[in-house]
Structures are given as structure tokens and as C-alpha cells.
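Two complexes, one shared chain (chain A), two partners (chain B, chain C).
Right after this comes the complex of A and B.
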């Protein structure tokens, strides 16, 4: 008897982890982010800073960098989704199935590429600035997103697809009504990962002068100012936590009913 | 200068940095495996402790690597320590999570049977539960290793060891001679190392997975 209880328990736990953790964390995260953020910004207002620190920690500069960071993350994520979702659907069609191992293999090698390497390579070949950084971000995170779409579609029960075809649905309706809705949880989890990953990789864009909060960290190290370094790091961390939180809520809200 | 000439002219230094990178990752992942598995064993029976442990590690995991390195530089200074700490912390989450999933996935009737034939708790753990959970734990170690490779590259920014140094010296010389070569050597070196480590771990999995469950794994 106990056999039948244990196995599903393990699965349940995995599924619970996928959304956002326990209930208290739902409000705790934004509160903690706000608190630490306010304390950090407050500190830069009242502490005695030398001119180098003051320059990289002025309110206007911080706001600019934050805005650039959000821009880098959003634009690259939208581009990644625009590429990965249709491509994922395409390569998981029955007549494209032969390409699956090749695509997954490339995706695995791509994941082994260090993101900072991808960014610097782009800088060395294309040039420095905003758009090379966007290209690097897209190149880096398109593969995990693609893999997630494929895995999401693959795990849809083939019997359901057969049944849908059997009651006379054309292939595109099977895709729209059966496969995609059933794949949504996995795809959404993938989008959330992509988004959070991109906040982190966008921080590396600071290395190649593409803006973003990473520039504050780079400035902190280059000018040996621990305060600047700390403020930049804290702001990046807070942004990532906040983005993860928002994405978690959206993921929950968009979950198709009946799953 | 072509890529090959670049490699040939600096082969000693490159070999040293590659070795340094490999040994840094191997040590960090080893420490993370020991901590992760021990922590997993300690918490998997208690739901609250499990939630706390996975919650904390996934919080660390969400913090981007550059930010975590920056936060660690302030108390630990530049160099090896912040790099090693950051890599170990990142490697912890997949290992811990998979240890918990693996251990809770062990059929409880097997544990009952082992207890029934008179095995002690420790022996049940070492002879039944861990061997059965091992393939899952090992796949966590593989994920952790791959992550650690990429984060190891950023370590050079805080004067950490390894091939990241090539990438950052390429960055410092963008537009000048050898910038592309240095970056390429760093990136390709890390990718190759990642693939080698992964292959080794697959082999380790083949050799260490208990014979009775090899078909499932």
C-alpha cells in the first residue's frame, strides 16, 4: 500500500516547487526587495561619498542604469520568445522529428558556453554597445527557451493528440487546442527561467559598455570603490529577485484551468 | 596572428590556466556535492526544513553571478576566495534539490524491508536509499558542473583563477591584435572543459550506479 503513496508524493513536491514556493514568500519577496532597495538608495543619499563614488551613485545615474537594464532584459527576452516559440513548434512537428537530437545537442553545447564569453566575443567581432549586447543575450538564452518549448510539446500525451485527430480536428487545431495548452506550464516555466537568466546576463553587458546596472559594478571594481560595487551588486540582485517574483505570479495566473 | 599561432606562442600559460580552471571547478563541485548531499540527507524527512533549504538555495540561485561575486568581494577581497565561494554556492542548488527528490523518490516499502531484516538507519541510508537515489543526485552534479564552468569564467573579473583571464584580457584589448584570439581561446577552452567534465560524470555514473537499477537509470 505504502508503495502507491510514496511515488506520487515525490512528484507532487517537484510540482509545488515550480511555482513560487510557500505562501508567505508571495508577499515577503517584494517587501524585502523594497526594504533593502530603499535602504541601499537611502545610504547613497546620506553617506559621505567621494567625488568618484558620488558620480556613479547619483540618483539620476542609478535610475538611468536601472532603466537600461530593464530595457536590455525586456528586448532580449521578447526577441528570444519570438524566435524560440515558433521554432520549437516547428521542430516538434511530426515531419521534423528527425531534427530533435541535433537541436538538443546544439542547445547543450550552447549552454556550456560561458555567457561572459559570448558577450566579449560579440564585442570583439561586432563591436561594443547596446545591440551587440542584445545579440549576445539572444544567442545565449534562445537555446534553453527552445529546448523548453520542445520538451513541453514532447511531454503531451500522444493518445490525446490521436484522439483529437480521430474526432476530425485538423493538425493546426490540434496544435492550438490540445498541444499548446497542455505544454503551457513547461513553456511558461522556461520563459521565467529565460527572463531571470537575462537579468543576470544583462549585468555582464556592463563589460562592453552596453549600459545596465553591471556598469556600476564594473565601475566599482575598476575604481576600487567597495560602496559602488556593493550598491551595483545589490541592485542587480534585487532586480533579479523582483523579476522572478513577478514572473512567478504571471506563470500562476496564466496556467490553463483543468491542469 | 592566427588562433593556432596564438595558442602555440602561449601554450605553457594556457595549459596552466586550463588546469587551474579545471581544478577550481572540480574542487568547488566536490565541496558542493558533499554539502548538498549532507544537507539533503539532513532535511529530506522534514517538510519545513526541506522548504527552508531549497528556498534559501534558490534565493542564492536567482541572484545573478556578477552581483553575487560583487557582494562577496567586499568581505572576502579579490582573488580566489570570492570565486570559489560563489561557484560552490551556485553548484549547491541543483545537487541539494536532486538529493531531496532522489531520496523522497525511494520506494518506502524497500526502506521498510531493509529495516525489517534488521539494518540500522545508517545502513539503510548507505546501502539502500543513497544507491537508489544516486542517478538522480549525479544528474544534479552534472547540471552543477555545467553552471560552475560558466560562472568560473566571470571569476577572472574579481582576479580569480582560470581561463576567464583570457576572456577578460581579450575584452581589455578589443580592437587590438589578439583580442579575438584570447577571447576565443578562453571560450572554446571552457566549452571543451565542460564537455570533458560532462563525459567524465556520465562515465562515473555508469561505473557507480548500482547494477540492479542500471536499466532504469
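Right after this comes the complex of A and C.
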């Protein structure tokens, strides 16, 4: 009674083909960012600026600050991941489950602290500059990454882990082959939040002389130059949008197949 | 410590020992499992032997400890005390992960890894055993074929793209990957619709015919237990064995009212359902092959006082009936006769079929006789309505005798 079963063929195609038009819609965000960015920069080129404004809106200065901002965001994000991923994995092991509430509680304190407060506190205790700002950023944004790592691992179907153990997978292989790949969507969502958050919070680093686009905003405020302030803010917003867009693409690419 | 002696020290060595593919016995000796924080034991001093190559069903209400019992065999749960021997080897003396790679494990809803393809799901255990790529992919295709899924079509699909039944076929293939001597199945068909469930149960029996694994099967479905189990252990609270016997014994001779209640009524119909065609006396028709001369066959028919001859091919597979009338005046061989349309078989039944299915086939078939085939479609006999009738009568008679006997035992001194 050997029956060879044929599966419905249509199913596959439906799942793989994205709705019409989504290809060019993907490019909408970077196009808009480029357009607004070009318009902003263009304005600083052609508008009549006084010497104070011209100094803080020169192309070289903007590029420097943009680069610093990207550096602040990238380094803090890498550090956050280096802390949150292993810690999240560790506390979601069966023999560490008891510690979950405590870890989340501590991480929550970080989140509840206003970033300005954290930055100023650190500046007062550690000193001003790049690294205190990095520490503040890490403290502030480690939670979403940590929480999403934990939640991502927890939502993996217990029956799958049972099946994996039952066919003789050692614990590390269950983690690497089953738990982490299946947790990837949730973990990536956390990383994406962290990244975008860090772009915004990194702007506050300008207050303690850590550089970044925040410095342009601070300069605008200090010198009562709304144009400077506006350009700085717009650039920060555009960077955040762009980072979110890139993170979205990466998320899509790393999404495990078959889900 | 693995020694290079003749006696294997672990299940891995036992399984790797040449072409040994059949099952090994499992012994549970005074096994107790107590979970911390609960009153009483989940498994309370259980001793049972599961014979090699048999399907043993652990049947009981939910919470009776049957799944716990099963999970102690592959050490997903460690017993509080007692010993478990698999193929005569202590399970505790072996590394759990290595032990489990040689114990097939099938769970409800298959538990396939959704992010891995069907092929990759099946390949997990061979990968862990360090097989070479070519060997793994050949094995994957072989297993897909075995469970009735076309390899080219299914190998690269993801579990989500399969129906529930197909998923569980893959689940069984994954469990069989390293050709383990033992399979543990935890309510594998529980979440499937009734038709798919029946199909897969039949498939499992067909597979078991070929593979003869030792299968421990957990279910709370009485009909499933009766159908699949060579032996059924009916468990009460604390995994206490209330009755451990064949399905027939349990139906005709339930140990106590608990078993009777659990099995439910209609035991005669259930017997018909679980008695296999191969277990009853079959009619034996005169056999012939294509190469036999018609004259010889006619003589044989006359000797046997029969009107029909069954024509078999070189592998003893039934081809068609020929009547005495067709043979009249025929010269040459049987193969020379032109077969009429209605001579060809539209129905053959397997020896694995139940009497109930045989009756069904007889009622639907044009002929009064339906040939029965065994392994590889080899002809083993034929079944008629009177064959079935006789079998029913025998079962009833046996049941009556046993009931009387039980009554006599229950009331000693009272003449029956």
C-alpha cells in the first residue's frame, strides 16, 4: 500500500512571489533620503550664511561630523551586540532561567534612565569625550537587544528542542542549528531597534564633546542659529531613516527560509 | 571505554555491527521516576520486557506516566532508580546523545525543523554520525522512497509546504535515518485527521513488516493500540501495568473492570477489525504459471475438483484467474491463452489486511474469491466469505470458552 503523495504545487509559488511593485518600493526610502539630503546640503551651499553658520555648515565639517556619528552608532551597536547576544543566550539556558527576571530588571533600569541624564552622569564621573558617550549609549540601548534575544529564544517551540535533543543533538548543536536560526527574526528586530535608537541618542553625545551630528545641533543652539540647528537635526533624522532601511534589508536577507 | 571485543559496549556499536537492522529487546527493571515537588511517583516501580522486533503500545489515560516511561528509554528523562537495558546494554552506561542517535524518536506533529529542508531534516543524525555527503544524500532519498514520498519532489521542500500526513512521513524517515534498532513514537498520529491517521498506521505496519524494529508506541487511542500493537500494555496511575498482553487477549480476556471500561464495548467487532487475514486459514486455489502447459493444469484442476486456477508470475505474484472452461481444448501453455478483461484481478488484499477489510473487499469485488498476497505481493492464498465466517465463529467460540473459564475462576465451587 505504498502511496506516493504529491503535494499541492501552487502553494510554493504563492509563498515566494512578493506582491507586485515591492521591488521599486524598496528603493523609496533611500531615494527620499537622498533627495532631502541633497536639498539640505544644497541649501547650505547657496543660501546666504553668516560666518558662524558657514563655519559649522561647511562641507568638510558636515562630513567629519557625519562620519563621527556613524562611528558612535556603529561602535556602540557592536558593543551592545557583543554584550546582549551572549548574555541573552546564557540567561535563556534552562539552568539559568531563574535569573531571567533579575537580568531583565537590571536592563530595564538602563532603559528607564533618560539618555541625557546618563550621558551627563558619565561625563561627570568618567569624563567627557568619545568613550564616555559610547558607554552611555551602550547602557541605554543594551535592553532592546537583550530582551529580543531572550524573547526570540524563548518563543522557539519547545517541541522542536525536544525533537532535536531526542535525535541526539548535543546542547550546543541545538542552540546553533535550531534555536538561534529560529530566533533570528526576533533578535534582528531588536538589533534594528537598537541601531535606530543609537543614531538618535548619539546626537546627545554632542553635549559632552563626543562629536557627531549632535555637535551641529549644539552649535546651532549655542549660537542661536536656527538654520544650523535645523540642518543638524535633518541630517540626524535622515541617517536614522537610512540605517533603518539598511537594517530592514539585512533582516530580510537573514530571515530563515521555510518560515 | 570501547573495547575491540566481539561484544558491543554501546547501542552505537550494536547498531553499527554489520547489517543488523532488526530490533533489540528493551528491559525496564524496577524503574521509578519521581519528579521533585509532586506527590507520588510518575512511574512507580515498573518492570516490563519489550521483545525485539515487536510494536509494544503503552496505552493509558493522559497523566498516567506513559510518556515519561517512554522518555526514560532514550534518557530524555532520567529514572530516579531502576535499570533500563536496551539490547542487553545498560542505557545509563552510554552517553545520552550517542544513545539517542540510535533510537528513532517520533513525536506528535512530527517536530520537523521548519527552517531546514525535508532532506536536511532527515540528514541530521547521519551528519552527527559523520557520514560522508554522498552516503547521506543516498540515504535521504532511500528513506523518502521508503515512506512513500518522491525524493525529487520532496527533498528540497520546507516542512511548511507539506500536509500534516506528509510531515509525519518525514518525521518517521528522520527517525529511521541511522537505521536504529529501536523506535520511540509518542502519539505520532494524534494530531492528524482520521483518514490520514489510518493511512499512516497502515504504512507503519507495512514498514514494520520490512524492518522489524522494536517500537515503543505511546497512545491514548484504543483503536490505534489494538490495530498497531503486537502487545499492549494498559497502564494505570503511576504507569502501573494493569494488563500486558496481545490485543486479542485483552479483548477476549480483560484483566479487570478498568481494562474493560477502557477498551469499551463491541469487542467482537473490534476483534474482526484486528484479526489479520494472514492469521486465519485461507483457501488454497490451484496454482499455475504462464509456462505451464494447459493440459497439465487441466488435469490438476480435475484432480482438485476445482473450476478455477490462479496464474502466478515468476515471482509468485498473482496475475489472473483462468477457468476450467477457458482451458477446455486449449493446447500450448497457460501464457498462450488470451486473458479476458474480467479475468484480470481488480482486487487483491494483503495478508496484513484485517478481516473487516477482507469482508469489504469481498462485498465490492466481482468475484467470490479474492487472492491474498504477502511480502512483495507474493500469493499466499485466497479468501472467501465463508473463510471470514469461519474465523468469526472461531473467535466467538474462543471468547465464550474464556468467559466461562473466567466465571468459574471468579466463583470457585459453583458449577458452570
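Details
Assume the second predicted complex is superposed on the first by the 234 of 259 C-alpha atoms of A that agree within 3 Å, B and C clash if a C-alpha of one lies under 4 Å from a C-alpha of the other, contacts with A are read in each partner's own complex, and residues count from 1 in each chain.
FYI, a contact is a pair of C-beta atoms (placed from the backbone, for glycine too) under 8 Å apart; a residue touches a chain by one contact, two chains touch by 3 or more.
On a predicted model such as this, the values are computed, not experimentally measured, just so you know.
Contacts of A:182 after superposition on the shared chain: chain C is touched, whereas chain B is not. Look at A:165: by the touch rule set out above, it reaches chain C but stays clear of chain B.
Touch criterion met: A:203 reaches chain B, while chain C stays clear of it.
In the superposed model, A:241 lies in contact with chain B only, and not with chain C. Between chain B and chain C, B contacts the larger number of chain A residues. Residue contacts after overlaying the shared chain place A:230 against chain B, while chain C stays out of touching range. By the touch criterion defined above, A:37 reaches neither chain B nor chain C. Contact with neither chain B nor chain C is seen for A:129 once the two complexes are overlaid on the shared chain. In the three-chain superposition model, chain A touches both chain B and chain C at residues 2-3, 5-7.
Those residues of chain B that touch chain A in the shared complex are 50-51, 54-55, 58-59, 62-71, 73-74, 97, 100-101, 104-109, 112, 146, 149-154, 157-158, 164, 167-168, 170-171, 174, 179-180, 183-184, 186-187, 190-191, 194-195, 198. For chain A in complex with chain C, the residues that touch the partner chain are 1-7, 11-12, 15, 159-160, 162-170, 173, 177-178, 181-182, 256-259. Of all residues in chain C, those touching chain A in their complex are 74, 76, 96-102, 105, 107-109, 111-117, 124-125, 128, 148-150, 153-154, 157-163, 165-166, 169, 174-175, 184, 199, 202-203, 206, 350.
Within the complex formed with chain B, the chain A residues making contact are 2-3, 5-7, 9-10, 13-14, 17, 21-22, 25, 109, 111-118, 120-121, 123-125, 128, 196, 199-201, 203-204, 206-208, 214, 217, 220-221, 226, 229-230, 232-234, 236-237, 240-241, 244.
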